[in-house]
Every structure is written in C-alpha cells, then in structure tokens.
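The two complexes that follow have subunit A in common; it is paired with subunit B in the first and with subunit C in the second.
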Partner chain A sequence: MSDAAKKPLLEVRNLRTVIDTAHGTFPAVDEVSFVLERGAVLGVVGESGSGKSMLALSLLRLLPGKGRIESGEALLDGRNLRALSEREMRGVRGRRIGMIFQEPLTSFDPLYTIGDQIAESVRKHLGLKPRQAREKAVELLSTVGIPRPDLACDEYPFQFSGGMRQRAMIAMALAPDPELLIADEPTTALDVTIQAQILELLAKLQRERGIAVLFISHNLGVIAEIADEVMVMYGGQVMERSEVVRLFDAPAHPYTQSLLEARPALDRAPSRLRAIPGQVPSLESRPAGCPFHPRCGRAMDICSRARPSRSFLGSGQEVACWLQGAGNAFQTHARASGAGGES
Partner chain B sequence: MLRFFLRRAMESLITIIVIVSVVFLVLNLSGDPIRMMASPTASAEEVAELRAAFGFDKPLVLRYGDFLAQISRLRFGDSISTRQPALRMVLQRLPATLLLAFTALAIATILGIPLGMLAAVRRGKAADTAAVLVSMMGQAMPVFWIALLLIFVFGVMIPILPPSGYGTFAHLVLPSISIAIFLLAGIVRVTRASMLEVLQQPFVTVVRSKGLEERIVLFKHALRNASIPVLTQLTLQMRFVIGGSVVVESVFGWPGVGQLLAQAAYGRDYPVVIAATFFIALFILAFSMMLDLAYGLVDPRVRIWH
Partner chain C sequence: MALIDTKPTAAPKRRRYFATLLRHPLALAAHAVLALAVATAVLASVYPADPLKQNLMSSLMPPSLKVDSLPGSQAALPAFMGTDALGRDLMARILLAIRISLAVSSLAVFIATAVGVFLGLVAGYVGGVLDSVIMRIVDALLSLPFVVLAIAVVAAIGPGLVNVALVLGLTGWVTFAKLVRGEVLRIKQYSFIEAAHATGCSGKRILFRHILPQTVGIILVNATLTMGQMIISEATLSFLGLGVPPPTPSLGGILSDAQQTFFAAWWIVVFPGLVLMAIILAINIAGDFLRDYFDPAEEGAL
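And now, the complex of A and B:
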C-alpha cells in the first residue's frame, strides 16, 4: 500500500450527479472537484439545496432512485469508486468511508438495539463473532461518552435522547475504523448546547484517530470550529475553496462574502443564512452562467451568459467568479447536452 | 407484558358476553323456536310442555340470567333439532374449521408477504404491475364467486379436485384457496405499501451506508418494520376468515362450525347458534391475542411501553 499512501485519500474530479425530475434531468452536483488529504477536515458549506447531501451520497454511491452520477470520478487512494462493483462498493461503505447523518432519530432502525446496529457493521467488516462485536460496541459507546455503555448497548433507539442518539451514530460510523468520515449536518437537528458537545466530540475523535472528515454544514460558525479547509457550494457548484482562516479573512467570491455578512454576529443560534437577498433557485430553474448571478450585487453582463472557470489565487485558494478575470468559460456538460435549462 | 395480557383477557371476556347477549336477544325477539319445533297439529298443552322443557315459559329477564349462568359453565343445552348437546356438536366441527382457517391463512401469508415485498422492490416493473392487478382482482371478487369459479374450473371443467366434501388433503385445496385468495390480495397490497414506505425511511440509507448486503437491508431491517401494518391487516381480516368460512363451508359442504351455524340459524336451533357463536368469538379473540403477542415480538416499543 506504499503506492496508495502517496496518493491523496480522496480526490474528486469533475463530479457531476444528475437527478431525473418530471421536467427533465438536472445536475444536483455540477463539476465538483476537490482533494481531501489523510487526516484533514474539509468543510462543505452552502444554503439548503446547494447539493451538499447529493455530493456525499454520490461518494458512497447511495443516491436516491432518481439520482445518478453522470460523469467525473471519485478516487479513494487512487481507486475510482465509480468503477467498483456493487460488492466491492459494500466493502468501501462503512469500512473505508463512514457516514453520519443529520437526523439521529430516524437514522436508527427502531426495532433493533443500538448495540446490535453497531455490531452488525463490525461483524461484517472486521469479521468479529457476535460476542466480540458486542464488546466492541460497548467500548465504542463508552468512547463517545455514553454513560453505562454496557446497559445502553441493549437499549433501543427510542430510549435514547437526541444527543445520545447522535453520539451512538458517531460510534456506529467509527466502529469499523474508516479512514474517511462524511458528516452530513451532524449537529443541525440538535439544540445548541448539545450541538457544541457533539462538535467537540467529533473534533476530539478526529484528532485522536487522525481520521479525515468531510464535514457538511450550512453554518459557517460550525465549520470554522472544525475544518482546515472550506468548500463553498451553490447551485451544485463549488464557488470557492480555501483554507479556513483565509476564507474568513479574505473571502474572494461574492457568494462567500454574502454568507459571511449574513452570519449572526455571535454565532449561536443555528442560522439558516436567510439574510442573502433573493432565493436559492430550485434544481429545475437554475440560471445559466454563474448560478449566483441573479442574487449577486456585482454581476456583470458575462455572468448571465457563461459560467466562470476556476481561478487559483495561491495558497490553495480557488474561486469560480468572473471578477477574478479568469480566461475562458468553463465548457460544461450541461451546455453540451442541452440539459439543465441552460441556453 | 403480563398486565397487558390480563387486560386483553378481560376485554375478551366482556366482548364474548356482549356478543352472546346480542345473539340471545336477537333470537328471542325474532320468533318462537318452540312453534317451529312442535308439529303443526300439536295441542296447546303439548306446546306448553315443550316450552317448559326448554325453559321458554319464564320471562325474558329471568331467562337471560339463567342463560348467562349456564354459558359461564359452558352449558349450551341440547340442540332443538337433533336433541344432542349443542356443545358437542360444535366441538366436533371445530377442528374442520380451524384446519380450513389456518390453511387459508398460511397460504395467504406465505405467498402474500414475499409477493408484496417483490412488488415493492421492483416498483413500477412488470412483477409489481402484476401483483397490483392480481391483488385488486382478488379483493374485488366476492368469496362465494371465487368458490364457485374454482369448483367450476377444477371440479367440473378439469376435474382434478373434489368439488365438495371432507376427509382428504385434496378436499382441503379448493375451500382453503377460496378463502386464501381474498386474504392474499389484502396481504400483498399492505405488504407492498408498507415496504415502499419503509424503504423511503432514512435508516435504510444508514444501513446501506454501513456496507451491509441488500439481503440484510431487506429481510432484517425493512421487512420487520414493514410487517407491523401487515399484522394489523391480519387482525382486520380475521373477521373475514370467519364470514368467509360460513359461505365457503356451505358451498363446499365442509363440515365446519360455519356450516353448522348457517344451518342452525336457518332452523332457529337456538342452543346451537349460541354455542357456535360463542366458539367463533372465542376463536377470533384468541387469534387477535396471538397477533398482539406478535406485535410485542416484532416491536420493542410495544413490549416495553405496556
């Protein structure tokens, strides 16, 4: 594996995921590219509907029925996940890439104990016997700070509080020792104090285990606490990607700037970032050109006509905006195939 | 759990008392069984004698009291037509009815649940469309019609099965299928719908995200969750199994409690009607208690909250 070790843990190239709707086929994830190194934390931020969850589910190849990856690739240790058989993919899910979901209540099967649900993936991926798997589950529950883990192990999800369930969810995702954890809004459904505790727990486990995390949130404040690097998404596209400090100090993209301005002064309440004027266009009515142009205060003529390409501003900052004076328009698939309502 | 069952047993007892009381009232208010028993030429004294022999000379309220006292000791009296103990007549026929009911139920669940699952997993595909169509047809056809159709096709046109009677396995086939078709249709419909709903739930994606096989997703997680509405459906359908068996037993000459009840009701054989009703009610209640137990086994929330 020395060869694989030199490659980044996850490299996504021009990933495009489309959804079939009654009105046609539209991209929910549009030409997304990024690199996630081992042990690093990449935050993904964007308003509701920007394609964050679709991106996460694309990586695991667990898209809902109407969604499919249309083009691009996702390389895990240099191995293209799209090329794996379904059986090989099952070996990646859980074992190499763990996932934490937003809703701790509905994320567990109500009919099985928490311990059983943790143990089932341990048994599959680590080949443990039921007894050992149970011990492992107890150990993990204690790691994530669940009191009296040996009793909690035999309890059902409905007997857990929301915060405890999310801790158990983390234990479940970490059980087979994945190298990459995808956390899709893991704190959004929780109340503020619990949010902070869960975030702290995740940050601690991430440091201790050196696990890489793709941390999805619509809350920049949350992202700031945990991420090394941030990717800002809008309309399925990456607007800006930058190291976290730099993003807050010198946001280069007008959308990032609006996000930062819309942030409540003391970032406490779970903000839905409503303060940006205008509305997020629905999947079916995304504008041509730069997806942000109808809401952008600095939009120019060209913004509505052509999609800006990525410009690299040094120290890893990457922006897709015509203000950066980048060269040619990005030739997107959408335009080539006539899909996506673009003309 | 024990308290839950004691409560259910109490409820069942009350239900049985109510049912037999209603039957008692209806029978007593709808005509005079002694008039029908006595020969048309019988003298007034002879009729009065008969009346006294069966206890029909007392006022209704007193008779009702006696009636409950007798029933509580499982004394149903003698049949007015055969003069045999009504209890024995019903008990003799009970095995045939249980055999028919459970065979039909077994056919319907063993086929219905996998078919419903298949339809849900293949949503919109040919297998699904076929299952939906068959289930709609099965529910639209009255059971006597299904029974007659089966007799016509398999007893007359292609005579491979006995069209009526009792005693061998072959005799069981057509009557049990007649009842099973209707049940099956309902089970397919409910299994399919509840499976589709469960497969939409976030925890299914979570199970998949752990890398578990589709077999585990479907059978361990989705099916168990989907089976809760199916149990409810079975509880609802039990009434139909009984109603259906009265019809089906009569059509196929199946010597069960249903057929006995139909004959007794027609002949105003009051003790037999009461005894048959009593056991049918008992059967339905025992069955629904079994299903309650099944709920508890399937769903820990039921088990722990009660």
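And now, the complex of A and C:
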C-alpha cells in the first residue's frame, strides 16, 4: 500500500516506552503498533499494569519522571509526535488530542470554577476572548447534558457529583475540538448507572463529531459497548488486536480466551468464575519470551524462549502467539518486522 | 433530567472565617491584641511625649499617674510607665518600639516568604539537580545557629533597620522553602495537574496558576508563626547590639538597656517584656488558629 495515499489519523509503530528504576530499565510499553482511523473507536483492554495508561501518556508525551520513549514512533496525521518540540507538543495536547481521566473527582483544580477551567482551554487553544470562552463553556456543558449550564458554569468542582464531573471533564476535553480523544478508564470510578450514561454520552458525541477515540479500560463489557476494534494488552505488549465482534466470537490468543472465560455470563449456568491463575508480573519481573507464558495453559517450550511475532489471521485480526505463528515460527520476531504491515 | 436540584451554597470564605473566629474566644482575643498592636504601631507618633528626649533630671522615675511626673515634657502627661536611665518617657519609647519591631519583622517575613516560596516552588517542581542544590543550601543554613549567622552578616553589612530585616529575611526563608517544596511534591501528584498538562498548559502556568494557589494556606500560616520568631529575633539582635541602632527604640533594645538598671528600675524590664510577650503569644495563637482553619482534616473540629 502506498504511504501517501491516505494517512490514518494516528499510526503507532513499534512504540517502546521504558521506565528507569534503581534496578535497571524496563519496558512499560513494548513494541506496540496500531493504526487508528479518523472517527474510529479503538478499545484498549488489559489488567492493571499491562501498560495501557503508559501507552496513552506516551502518545501525549506526558510520561512521569522516570519514563521515556525509547524507540518507535507515533504519527498524528503523518507528523511524528516524538519529533515535535515541547512547545509544539503543548499545541497538540488538548487541541488535537483531548484526554479524559479516570478520576473525575481529582481531575479538576478545586480552586477554579468548572466554567473557568473549560474556558481556560478554549482561550488558550482557540484564542477566544473571555466572554466568548464563557459562552462556549456554557454551550459545551449543555452539550454534555448538565442541567442549567449557565449556573453550573460558575460552580466549583466540589459542588458537582461524580457523574457530573465526568460530564464536565468530557466537555473540557472536547472544548478545543480535538480529532482524537484518549479516554483512560473514564467510567471506572463511577457507579454502574452513571457508567452507562457516560458511555452513551461518549458514544453519541463520538458519532456526532466524528472524533476518533482511544478508549482504555479493563472492563471488557464497557469496551464491547463502544469500541469498533479492540487491542488486548498484557505485560506492555499487544497480545491480540481485532474487530470487536470477532474478538468476542473468536478470540485467538489464549490470554484473550481466558479473559473472556473470566467474565460472568448470563447464558451460562451460574458457577464459580474461572480466574486466570497467577498474577500479572511486575514491571521488573517480566519473563522472557511471551510475557503471558507462565500463566498460559497452552504454553510450549518456545514460549519461554522467544517472543512470538505478529500473525495476521485475516479480516484485520492480529495476534502475537506461537500457537498461531506455527508457520512462521522461525522467522525473526515482531521487532524486526515492518511497521503498518497489515494489508 | 434534574441530576441535582439542591445545590450546596458555598458561604463566602471571609464570612466563614469570622464566624469560626467568634466560636474561639482565645483566638478572638489574640486577634484583638494583634489589631491593637497594629493600631499602636500606626498611631505611635500621636502620643504626645517625645520618645527620644533625654532629661537626666528625671532619670529612672517609677511609673506614676501624677500629671507633672514628667518634668520638661511639653505635654502635661504622667509617665505612665516611668522613665529610663536617660530620663526618656518609657511609654512613648515602647509605643514607637512596637512600630519599629512590627515594621522590621513584617519586612523580614515578606523577604523570607518571597525568597522561600519561590525557591520552594522551583525546587519542588523542577526537581533534579536544581532541587538538590537548593535543598542543600537550606540544610546548610539550618545547621548554623541563627545568632552566629546574624552576627556574621551584620558585621559585614552593618546594623540598621533595613539591614536587620534583610538578615532576618535571608535566614528565615528556609522553612518556607522546605514547606512549599513538600507541598509542591504532593500537589504535583494530583491528577488535575496531569489534566492541566494534557490540555496543553505550560509548566510555568501550572506552577503559578494551579500549584501556588494550593499552597497559600500553609504559606499564610507559616508567615504568621514566622512573624513571632522574627520579632523575637529582632529583639535578640537588638539586645546584642546588632539590631536597630540607638537611639531608635526597639523592644529588644529597650530590654538590653534595662539590664544595667534592672534592680533599681523593674519597670524598664517588665513593660517592654510584657508587650513583647503579649504580641508573640497573640501571633502564635492566631497562627495556630489559622493552621487549624486551613487544615482540611481539622475542618470538623473548628
């Protein structure tokens, strides 16, 4: 395929983010590659510590102190985010890539009104005057379904309930009209009914505005609701990437399969949930080879020795597992394989 | 869909402060003493007796309520607090001394706050080598006894009102720097700071618009408590002859002069001592009240 034809909104190639600790350097995001088209929703699932949040922070280049992007690239509209200056990057954050955080309770500065905080971002990125910015803030608050937005605008975060704060957070992220929205566990801190409302709101805004969303969650059910495509991460690596229905119908990776088996289901007789044995390895104790092999029921000899390459199963499904890659078992790993290689 | 119909109304912060104060008689008294001290400082020169005029004829006169007890004074006033060894009216001197002491210590606290807060913010936010350098300077200053340091600096730049304030300020900033740095390290972890980064805020903007306002409470409290220390330190320096040069009266200076005549004239020790004690005590009580007021954990207690 030709590179110049139509650039995807976001293309990540072999992104590797490492964390320097006292005991050495460890990868938090390990050779992750994916493509996110305009207006599409990519769900990223994984347990705690699977590197999904680090992936999001890497894209915004907001890694905490000891983290750094070691190699690979992230192209936004063909422009490599890694090559931008810090100043240019500030123009990307918020303006082109909006972000919604997990904790709506602490994601607002308690000392400014909600309206001020939305207006701040609009004024900075769109150069609006204070009055226009306020009008825009009121309009956005009404868009996200906050009652009496003109009054709510002058209220402080503590006067908002959790669900309202998350709505306001969405309003703030959408304020400068970004093309890409990164939602890092946006519904995790909310109770279930509010979760459903927020998801519905996100899905609606996503459709109306045609924004691409990178939706991070550890909740497969939430992902199933909103995502077009799902990327399953484990130990900083992509285990499987697939169209959402296919992932649930025909999971190819043993890890995805065990994740799906670990869900409670309504169509099965109630029984004990099947847990995945073992624990997610800590950053510093990741095994060699496939990171999942110590917990995998179908692990083979090779799994502990070499990292499986990405195999493409057709209809866009991609999996990193030796079971699938039997044919290319002795090829070089994914690390060496070309980026953006799916047809 | 009315998600909320009853909204909590935030009472104006200022009104809540006074309301809380009214429920704490001790803190209220402290505030009253401080208000009195400030009023005295401002109005000191209204008092008709001359604090500098010497009259050896009326040396070491005890406190008296008789109108002609202060010979030579144009104003027909009794020497309420007696006179000192040089026959100066002690009441007039103490009133002026309150002004001098408050002025010097306010200036000192201002310098200490400005320097300490700025360095603390930078150290905490930037971190790394800069943080280490600033905090090692803080440690070095903390390890030196204040008086030794002050003697060295005053010896170098000479005594004087502003110089004393400078010495006090430039040794007093360390606690501010340490406190503010700690706060910054804590606040930096909050996700609203991360959120501010994610909306494209610059580091400077985050530091001054989002982090600094969070530290105002602790800065205010420390400034109040430091104020008390500064008054004592100023008195110490003046007592040692390194402070405000005579004949300008300062509380410490008057006490210093008093030691030669202590057994003959108790009033020269007692009155400035009482004033000093009252002000310091009031400042500390007010500071404690402020700290409790700003401490979120104490919110229910107040």
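A few remarks follow.
Operating definition for what follows: the second predicted complex is superposed on the first by the 311 of 343 C-alpha atoms of A that agree within 3 Å, B and C clash if a C-alpha of one lies under 4 Å from a C-alpha of the other, contacts with A are read in each partner's own complex, and residues count from 1 in each chain.
As a working rule, a residue touches a chain if its C-beta (ideal position, glycine included) is under 8 Å from a C-beta of that chain, and two chains touch if they have at least 3 such contacts.
In this text the structure is predicted, and so the values were computed from the model without any measurement.
When both complexes are superposed on subunit A, subunit B and subunit C occupy overlapping space and clash. In the superposed model, A:145 makes contact with subunit C only, not with subunit B. Looking at the shared chain after the overlay, A:127 reaches neither subunit B nor subunit C.
Contacts of A:163 after superposition: subunit C is touched, whereas subunit B is not reached.
Of the two partner chains, subunit B and subunit C are each touched by A:62. Shared-chain residue A:172: touches subunit B and subunit C both. When the two complexes are overlaid on their common chain A, residue A:93 makes contact with subunit B and with subunit C alike. In the superposition on chain A, A:297 contacts neither subunit B nor subunit C. Of the two partner chains placed around the shared chain by superposition, subunit B and subunit C are both touched by A:103. If you count the residues of subunit A touched by subunit B and by subunit C, you find the higher number for C. On subunit A, the surface patch touched by subunit B in one complex and by subunit C in the other comprises residues 60, 62, 90-95, 98-99, 101, 103, 106-111, 120-121, 124-125, 156, 159, 172, 176.
Those residues of subunit C that touch subunit A in the complex are listed here as 1-4, 7-8, 10, 127, 190-192, 194-202, 210, 213-214. Residues of subunit B that touch subunit A in their complex: 201-203, 205-213, 216, 221, 224-225, 298-301, 304.
Listed in rising order, the residues of subunit A touching subunit B in the complex are 57, 60, 62, 90-95, 98-99, 101, 103, 106-113, 120-121, 124-125, 156, 158-159, 172, 176. Interface of subunit A with subunit C (complex): residues 60, 62, 65, 90-95, 98-99, 101-103, 106-111, 120-121, 124-125, 145-147, 151, 155-156, 159, 161, 163-164, 169, 172-173, 176.
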